[in-house]
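This is the structure I have questions about; it appears just below.
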Amino acid sequence: MPIISLTSDYGTVDHRVACIKGSLLSQNENIKLVDISHDILAYNLQQAAYIIRSSYKSFPSGSIHIICVDSFYHKDRKNILAKVDGHYFLAADNGVLNLIFFDIKPDYVYEITLNKRFDDTINFTATDIFVPAAIHLSNGGVPEVIGRPTLDTKETFFVNASYKASEKMIIGEVMYVDNFGNVISNIHKSLFEKHASNFESFTIKFRNIVLTKIFNQYTDLIPNWEQEQEYHGKSAVIFNDNNLLELTVYKGSLHNGAASLFGMNMGEKIYIEFE
Amino acid sequence: MPIISLTSDYGTVDHRVACIKGSLLSQNENIKLVDISHDILAYNLQQAAYIIRSSYKSFPSGSIHIICVDSFYHKDRKNILAKVDGHYFLAADNGVLNLIFFDIKPDYVYEITLNKRFDDTINFTATDIFVPAAIHLSNGGVPEVIGRPTLDTKETFFVNASYKASEKMIIGEVMYVDNFGNVISNIHKSLFEKHASNFESFTIKFRNIVLTKIFNQYTDLIPNWEQEQEYHGKSAVIFNDNNLLELTVYKGSLHNGAASLFGMNMGEKIYIEFE
Amino acid sequence: MPIISLTSDYGTVDHRVACIKGSLLSQNENIKLVDISHDILAYNLQQAAYIIRSSYKSFPSGSIHIICVDSFYHKDRKNILAKVDGHYFLAADNGVLNLIFFDIKPDYVYEITLNKRFDDTINFTATDIFVPAAIHLSNGGVPEVIGRPTLDTKETFFVNASYKASEKMIIGEVMYVDNFGNVISNIHKSLFEKHASNFESFTIKFRNIVLTKIFNQYTDLIPNWEQEQEYHGKSAVIFNDNNLLELTVYKGSLHNGAASLFGMNMGEKIYIEFE
């Protein structure tokens, strides 16, 4: 049973998501539909990329992921099908696939040429282009039938965290704030470990806050579960399940978690100084 | 595999939607459930009608659509099953089907008489009436078994856009604001074309704004995609995928889109003057 | 087709819910996934318990319910599998099952010992513990294989409504506010009926409001449906579909319903005086 995931900035009120689902089921009633999220901020490719990157691997190999963020049709912009890491992705050529797979080379990228005849009209990219492409793939179809290989796609990149040798410092920034107010940075565990091994100690600095320890779990700051209550509201730094440095407040929420407590928004700098 | 869609104003926190889904699956585990939206504003039949009208056609013919908006049970109010345009609709007799299908005659309308015996108690219309009716239909049952034909249903209408010959003007109003802040009017392309053909030019007026061009796509205002960035925040008028006149701001959102920029709410007037 | 329901406080933006669904489908593509709610307030076990208690019975017997609220992994806290009332529940040992089933004895409770070998690392309780346990159950597996029986689980209780004989009064409190602003108390119909039978009349009191009638339906305050419009905004008390005393405003919403009209929040007292 082919699995098709949907990600969009269409919200959960309007008709758009229902139209996509109805169209898919009209053309193949055996597919399994899974929503990744429809609450992406309007046109926010960074947010979409972070969420898709963090979730696609959980799906079975061969799953088809439709990404409807910044995908309104324009004749001069390609729509693309990419196979990466064993999964299929359908999106407008707006750089989102680049953001998701900055470190993984696609098996292939095709420009979708469905509905490219001179008299085709496209009302809605999702149902007119992504849906028939997804259905074709769900039936085991090959990409050659619906597109042509392309190398010329839009490149967009996240700001990478980097090590500044002269200052013995990693400089990163906030790339996402989650539903618990956790602040997720772009500092990967591997970058940290590479440089930390050359030094004796490190200090994490942001705003006017200084921390010197990195945990592996949200609950690792609690040495003894009997005293768990005493740790509500305590802050900590962890490497999260994506191996990214994350600021967290134990039992925090979007309204009283790390983001609001520390006043940290997307793009704010985080430093790790070594000594 | 029968498809059942759900639309409600129950939100996504409470137990009501889960109760409906659990009940349906308890009675037929082979159905395919699709949410249209559960974020309809409390009792807002106009909003529900607009969203269902815009999405039901994407579903396969024969799909069953349960509408739980303003459907709390009262012994004096009918619950109805209508077959329209090849689809089944279950709703309270509150006028919502009328709003959806102001221009399409139903194949038939039945009053649902399930649970009408003197000793039946109805706790929750959705699970006590709509669910068994939907299951009956999903098993290929005929309406005669669960209801009786009725002609006497509540009539509610949207305000229609109209042409005023003495002023050579179409007068319409805002009927919906979507997730991108797009302002959707009740002026249909066919009404516009009927009158536009008799004149040389037209002017669209609302608030203190005047526009003279109607596009076919959100992106049609961008002549050259290389300069796409320059058009962020520019306003335009299009006929949307429902052929309704829509005010849009390119790359707008609910917070900085056409609705907030122009200050346009539901019910505000839009005029098209011909010359 | 095994049914697995999901309840969490993960919201609908982040990747967490998609990871759970993807993991489940990767391991058993024949399951049927149903969301109960992902909009539980962060760590709010009371809210989760109320919603799950109100909805699980609608699902087919044998359904598997995964509860991801306050479930971040800590080595000192158990994760448990309970079979209660014919359904399976997976949750952290945080008291939530106790809140749901304060009046129903579980058939059994197992500590899940999957991933308890010394070299196992748990990144995310949901996908590392609940998902494999759910898959095991969905394949007809027995609990012995994935856990060991336990009697030692955390006990948490709702505040119960109670009868105070000296004052001839039931004292209860608000335990939930729903999407329509309805205020749901912890006063069960059976407690009311037990004591009401000894008296001639009763008075419901909260804030400075006094009511003397309890209906069975949201619409029961309307004697004649022709005059339905006149009752918009009128308040009433009902025993709801969970047999709990509920304050309601006819056609109210979260913003202008009983909760905001009466200023009633979680924990506020409600009294029923008998005479």
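Per-chain numbering from 1; labels A, B and C assigned in written order.
Keep in mind that, in the parts below, a residue touches a chain if its C-beta (ideal position, glycine included) is under 8 Å from a C-beta of that chain, and two chains touch if they have at least 3 such contacts.
Since the model is a prediction, treat every value here as computed from it, not as a measurement.
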item: Copy-to-copy rotation for subunit B and subunit C - C-alpha atoms, rounded to a multiple of 5°; value: 120
item: Copies subunit A and subunit B touch via same or different residues, half shared test; value: different
item: Length of the line joining the C-alpha centres of subunit A and subunit B, rounded to whole Å; value: 32
item: Junction residues of subunit A - those touching two or more other chains; value: 12
item: Contact footprint of subunit A on subunit C as seen in their complex; value: 9-16, 18-23, 25-26, 29-30, 33, 41-43, 72-74, 76-77, 121-124, 127
item: Contact footprint of subunit B on subunit C as seen in their complex; value: 1, 3, 5, 12, 32, 34-40, 47, 50-52, 54-60, 63, 178-180, 216-219, 222, 224-226, 228, 241, 251-254
